[in-house]
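Next up: the structures, one after another.
In what follows, subunit A forms one complex with subunit B and a second complex with subunit C.
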Partner chain A sequence: MMHFLLLFSRQGKLRLQKWFTPVPEREKKKIVRDMTTMVLGRKPRSCNFLHWKDLKIVYKKYASLYFCCGLDAEENELLALEVLHRYVELLDKYFGNVCELDIIFNFEKAYFILDEFLLGGEVQETSKQVLSRSIEASDMLQETMEEYMSKPAF
Partner chain B sequence: MRGLAVFISDIRNCKSKEAEIKRINKELANIRSKFKGDKALDGYSKKKYVCKLLFIFLLGHDIDFGHMEAVNLLSSNKYTEKQIGYLFISVLVNSNSDLISLINNAIKNDLSSRNPTFMNLALHCIANVGSREMAEAFAAEVPRILVAGDTMDSVKQSAALCLLRLNTTSPDLVPMGEWTARVVHLLNDQHLGVVTAATSLITTLAQKSPEDFKTSVSLAVARLSRIVSSASTDLQDYTYYFVAAPWLSVKLLRLLQCYPPPEDGAIRGRLTECLETILNKAQEPPKSKKVQHSNAKNAVLFEAISLIIHHDSEPTLLVRACNQLGQFLQHRETNLRYLALESMCTLASSEFSHEAVKTHIETVINALKSERDVSVRQRAVDLLYAMCDRSNAKQIVAEMLSYLETADYSIREEIVLKVAILAEKYAVDYTWYVDTILNLIRFAGDYVSDEVWYRVIQIVINRDEVQGYAAKTVFEALQAPACHENLVKVGGYILGEFGNLIAGDSRSSPLIQFDLLHSKFHLCSVPTRALLLSAYIKFINLFPEVKGTIQEVLRSDSQLRNADVELQQRAVEYLRLSCIASTDILATVLEEMPPFPERESSILAKLKKKKGPGNLHPDLDENRKERSVNGGTVAASPTPSTDLLGLGSTIATQNSAPPVSKGTSLLVDVFSENIIPDMRCLPLAPFPSRFVCKNNGVLYENQLLQIGLKSEFRQNLGRMYVFFGNKTSTQFMNFAASVFILCIPADPTVDGGAQLQQILNIECVSDFVDAPVLNIQFRYGGTLQNIAVKLPITLNKFFQPTEMTSQDFFQRWKQLGAPQQEVQKIFKAKNSMDTEVTKAKIMGFGAALLDGVDPNPSNFVGAGVIHTKTTQVGCLLRLEPNTQAQMYRLTLRTSRDTVSQRLCDLLSEQF
Partner chain C sequence: MPAPIRLRELIRTIRTARTQAEEREMIQKECAAIRSSFREEDNTYRCRNVAKLLYMHMLGYPAHFGQLECLKLIASQKFTDKRIGYLGAMLLLDERQDVHLLMTNCIKNDLNHSTQYVQGLALCTLGCMGSSEMCRDLAGEVEKLLKTSNSYLRKKAALCAVHVIRKVPELMEMFLPATKNLLSEKNHGVLHTSVVLLTEMCERSPDMLLHFRKLVPQLVRILKNLIMSGYSPEHDVSGISDPFLQVRILRLLRILGRSDDDSSEAMNDILAQVATNTETSKNVGNAILYETVLTIMDIKSESGLRVLAINILGRFLLNNDKNIRYVALTSLLKTVQTDHNAVQRHRSTIVDCLKDLDVSIKRRAMELSFALVNGNNIRGMMKELLYFLDSCDPEFKADCASGVFLAAEKYAPSKRWHIDTIMRVLTTAGSYVRDDSVPNLIQLITNSVEMHAYTVQRLYKALLDDISQQPLVQVSSWCIGEYGDLLVSGQCEEEEPIQVTEDEVLDVLEGLLVSNLSTPVTRGYSLTAIMKLSTRFSSVVSIYGSSIDVELQQRAVEYNALFKKYDHMRPALLERMPIMEKTASNGPTEIVQTNGETEPSVPDTKHPPLVTQPANQVTARSHDISVFTIDGSFFVTDDVLLNQWFNI
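Showing the complex of A and B:
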């Protein structure tokens, strides 16, 4: 399973953090620090995999953002790269050419989209169509529900 | 949420950390006052503030309030508020146990809402928080949802992974039960998303109790075989960059790694075929140049190789796997080189492929020297370690030692441990071993842990043939002007034991040995000094000629009055011992150390503790053993699995199929208490309104005549049986009944006490308001009787109920948003506001009653289609009772305004 997923900028600013196992706050900060220094310190064209403690770290840079996740030792690194890619595709589809700012200003959406895709650190659904449909549906639900519920009480 | 966006921009515009903190504190004060204020916050504001708090928390600041408001949002009617509430909870509430019971309550409501969106939110929350209290509350419920026949696919997926999570955090709370057999059959599900999620769950559970999930092997092989042999377009959207269902394939291959090779020959053959196909595909030209294609394809390939290695039983496959990895070792993609090195590590431990792996030694050594990326070099070290045996140990150890001089600091300790282990394991002559360890200390003394130098001393003491050489070598090594403290330790110990073996040489006479050691004394830490003091007393025994010199050293203030108690004690005791004990006693006390008992190398234990990846096969084997032990003790699971599944699916069809006869088979007979009004005097009797929701009953009754009805409707057609009952004892004459102008031929006489039956066929041509009228004429005792009643044929009779998910419902609700399409009515309740009665009425009305769509559980939502000859009209309805005011609000949305109006009028009369 995946233990965590972090999105951070080249400057090491954390943009999204998802923890799939309970981690104390202090430990989270330490992990984030370790990950940012480790990953940002990598030379270009290095491989995308690292070992850290007993976890496999898989990361990939998309434009100015680094996507970085920690996996159990028996997980498949290449597929984890594609998990990251699929998440980027989903963000891209939702925001239309996603950029760092989209994620900053709509962080809750980025979390919701991630929740549709991964659950408990495992891939829940891999079909982009199914995923986009349910993301759209929940968005639609959101708008319609507001309208649906907005009639004053009688 | 504009306020949130403004706040985020403010934060981004802050020039300094201080400014940011100031802005945040201002916002926190604002939110706190809003939460504490007298005015109750509306849901939107609550959501906005909770979202701001979340943002602040994610920036790295502590949040110590707002949890309660977030919990309140969970029970909100509005989807967005609920969603934000859940997000806050899953990010911030890990251990805040005083809120858990409230949260659990909200989750419980959403789980039982039957609304898939809400159920998913709740399941996600359980998985995200995963606390023990939650596991206790839902460990029984989640499996039930997972295997229930009518659970939506998306909910099944969430439930499967949620259960997996609970099983990891609190395995004792997730007992195996009758659901386990059904879970295995999810591998056969139509929906690949469900299969993917289920496979993850089964893999975890199978590790825990393999025997219970043994049947999954054949299912997994079958599924895998279908995927592997499918054309890339077969699986539609589950094909990822021309690779068929890579995620599912990998998970199935991982599941199979929980078991030994299948015993059944057919299954085993099919699996081998799959693995061969995957290996073959690796040789095919890529279908796309995109890295996603090659990643997904190779992900499956690597997982297949893992399975081949795990089974470790098919030599041909193992060698093919090794050749494939050999190709990757030289691939231009760094990632593939890295993974090939990693994967080969496990391959090296198989007796079938060990030799094949060894042929790649030059490539691996080259990788160690030339890879630019440290993590790749580290994998090369691992692989060299794994492929090392007696034949190549010297070469590998030499390469690793020379790499050590320039190795990255982060991996030096691990390399040192590995070199030390290999040198010991494959040492033919122990002089090589001693040299190697001393080189280790020389090149990377800081990284040589205590275990390593303990071990070299143990070995030297246990092996006579190497003692002289060891003494000579450490003596030479100590000559270096700057040598590592670890070398001083080894040197002190070995010379103290075996210095006599080289004392014959004048260049290493006792005094020279002592002076050499003592020259390092002042540079060393306390433990090393203590060790040296022991070496000195041993020297007194070995070389009586230096006794005086050493006693003098021991007697000096810096020793006898040393601030460190240990050093002081040793100096005092050793000095006294050397003064009073006779030579014999000294010789006995300070005799050469006895051999150490042979046991597992402490270095190996240390390496295991470090969990060097991919090179600890002993661990793997232990796991396998444990598994089979588990498998042996757990009783075989009961096998009525297929029956259970069969039962489940019949339930499903019953639930999903629309009831054929509407309103006739309701459990609650809601109309039985209504009193039939006597309508004799009315020229045109309207039908009792209960017929709107009911198809059978007495339509009309007076002293003479009773008209009974039985009717059935299907789409735009209906058939009505009209029964005319003569209540008197005399005959009705000239009996005629007609609908509209159309005359219905009937038997002109109805005998006393007899009943006449007529059948009317009805077709709904278009939507209508007025009901057809039934005119009845007859003679009774000479008087002409004239009766006209409206037939209870109303528009809603042509309703076809439509079950739909809440997503679909709201999608259609939105589509029917034009003002004229909606009709709403607020009215006073005429009957008692009983939920069951209301439900029965809505179903009798003809609409499907949709459970769990409306966020407010006390509201009713229905959907259906009105069939006419020419068109079909989709209808949605919503009824909101207000028990306090004894009022209802009814809203209808249909694609045709007249239909909305008519249905609203009809239904509103019913409550």
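Showing the complex of A and C:
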């Protein structure tokens, strides 16, 4: 299973954090610091895999954002790259040419999409279309929809 | 009271802060506003306030005062509220929080909600962070949803069940009936999560594993359909149909086929098919191949299939993609014990990976190379590994040096080769060699009796070049101390003996004593070596010396005493060291560094024969390392002196 998924910028600013195991707040901060230090310190053309404690760390850079996840030792790293890529594709489809600013200003939507894609650290849906349709339908349920479309709900 | 500012307005404002202090001020101001809004029990804007709080939490600021508000949002009837409430719960209300359990009732109600998206929220939250108590309370609801025909809910319920089983393994049994027809689903989401659930159950319980073995034919069929079916737009990734599902099925097959001949037999064909037909131009195809290889290696596959798998890994090693090379090396490392010969065939490619630019790949290649060293390839491999040691990053040198020593010890074709290899490591990576290598090397050297002259000569020559690498200096000092007589008498047979006088040797050792590069331990070795030479050379008469280092000071004082008051004992005490046996527990370290408390196999020198020798009055040697002396009296007693003697 995936233990955590982090999105952070080139300067190490956290844009999204999803934890699939119970971790104390202080420990979370330490892990985030460790991950950002390790990943940002990698040479540009290194391979995308690292070892940290007993976890496999898989990371990929998309434009100005690093997507970094921690996996159990028996997980398939190459497939993890596909999982990260799929999440980026979903964000891209939803926001239309997604960029870091979209995720900064609409972080809650990034979480909603992630929660339709992964559950308990595992992939729950493998079809992009099915997933997009679910998100659309959920969005439709949001009250003050008119306000939501032109101006954000909150 | 004006409406609280919108979330995106807040984000915009905070981003204009130019310093950390400015940001903190803005956050504090907004937190105060949010707190008073919470106190007023404002339903309209609670959602907005919690969303803002979550943003500030992501920036690293405390948000615990919003925990109860999340609970109120979850309990609300509005979907917008629930969405943010559950998000807040997942971020702020993990099982370590006191109020975590208060969610249970809300989740229970929402699991039975009329809107599937609300049920989905509840399942997601429970499946991501439900505590054991919560899982126990709600397992029944999850089990019910696992049997629904609604695929949206069924797939989430399956993963929720996985979480429940992880938290409370005893509850696994209750999900068994619901798994009956999970694999007959056409929906890929449900199929995928079902396979994950089955995998979890099989991994945790041998009974479940036996029970689910009968699913192998069905899994094989599903996998076959995925490969053979034409283009499916909904699940296609670069020409491959649902790679996520394919990999999970391969993993489940691995678990089911392990240590079972029949199951392994049943999946043989499909594995061969996947291995040969999968498109390898993109990462996604290689991800499937990788999983296939892992499965083949783990089940009871026939040898042809195993060779196919290792060859795939061999091809991976030649791939341009670093990730694939890395994954190949990691897998080969796992199989090198069981399929040693097959992996040996790829040895040259693996050794080439030592020259890779990527640090992770180099490390894996180094580990694998050491695993592949054997009696037949030791010379060739060692050449490559020593070259690697020369040029690699410092972070590798210690491990590589240790690996070389181990390999050399196991497979050295000759003693001379062994000594030469040790020399090479000490001179090229001398400063990175582990501390415990020094006693090990000394033990090795004493054991190669016929090589003593050659060894001491080579070590002496190395010292002349460079005295900065402490392990080299320490081993050299020790050898010169023991075999210095062989050095000056030019007895070397292996190579041209060098001409060196006693004075030159003593000058070198003295140089070590005064050099800034020498550590206290090294100085100890040199001082002792000079002392030993007093019986092998004729020109050492006494040792002056005081040093700010207590250890050295004590040695110098005691050696001096040995010259002055106990000169008759000196030859016996400084006899050539016997060959050291490795002790059962720690190897030679134990003997070499004993304080005389254990019983080393040396002749009983507690009562040395009384040999009277007139003290020579030739020049005493002086050393410039004086700082202060204790008031001139000697604190040593006979016992201490003799005990000290077994300390090198």
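Keep this in mind: the second predicted complex is superposed on the first by the 142 of 154 C-alpha atoms of A that agree within 3 Å, B and C clash if a C-alpha of one lies under 4 Å from a C-alpha of the other, contacts with A are read in each partner's own complex, and residues count from 1 in each chain.
Just so we're on the same page, contacts are C-beta pairs under 8 Å (C-beta built on N, C-alpha and C of every residue); 3 or more make two chains touch, one makes a residue touch a chain.
Since the structure is predicted, the reported quantities are computational estimates derived from the model, not experimental observations.
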| item | value |
| --- | --- |
| Partner chain(s) touched by A:127 [first = subunit B, second = subunit C, both, neither] | both |
| Which superposed partner A:64 touches (first subunit B, second subunit C, both, neither) | neither |
| Partner chain(s) touched by A:22 [first = subunit B, second = subunit C, both, neither] | both |
| Subunit B versus subunit C as contact partner of A:73, first or second or both or neither | first |
| Touched partner set for A:107, first subunit B, second subunit C, both or neither | both |
| Partner chain in contact with A:37 - subunit B first, subunit C second, else both or neither | neither |
| First, second, both or neither for A:115, with subunit B first and subunit C second | both |
| Shared subunit A surface residues [contacts with subunit B and with subunit C] | 14, 16-17, 20, 22, 24, 29, 43, 45-51, 76-79, 81-82, 104-105, 107-108, 111-112, 115, 119-120, 122-130, 134, 137-138, 141-144, 153-154 |
| Subunit A contact footprint on subunit C (complex, rising order) | 6-8, 11-12, 15, 45, 47-48, 51-52, 54-55, 58-60, 78-80, 83-84, 87, 90-91, 94-96, 115, 117, 120, 123-124, 127-129, 131, 152, 155-156, 159-160, 162-163, 166, 188-189, 192-193, 196, 234-235, 237, 242-245, 247, 251, 283-284, 286-287, 290-291, 294, 322-327, 357-361 |
| Subunit B residues within the subunit A interface of the complex | 5, 8, 12, 51, 54-55, 58, 60, 62, 77-80, 83-84, 87, 91, 94-95, 117, 123-124, 127-131, 154, 157-158, 161-162, 164-165, 168-169, 192-193, 196-197, 200, 236-238, 240, 245-248, 250, 254, 292, 295-296, 298-299, 302-303, 334-335, 337-339, 372-373, 375-376, 378, 611, 613, 806-807, 810-811, 813-814, 817, 826, 855, 880, 882, 885, 887, 889 |
| Sites on subunit A touched by subunit B in the complex | 1, 14, 16-17, 20-22, 24-25, 29, 42-43, 45-51, 54, 56, 73-74, 76-79, 81-82, 85-86, 104-105, 107-108, 111-112, 115, 119-130, 134, 137-138, 140-149, 153-154 |
| Touch list for subunit A against partner subunit C, complex | 14-17, 19-20, 22-24, 29, 43, 45-51, 76-79, 81-83, 104-105, 107-108, 111-112, 115-116, 119-120, 122-130, 134, 137-138, 141-144, 151-154 |
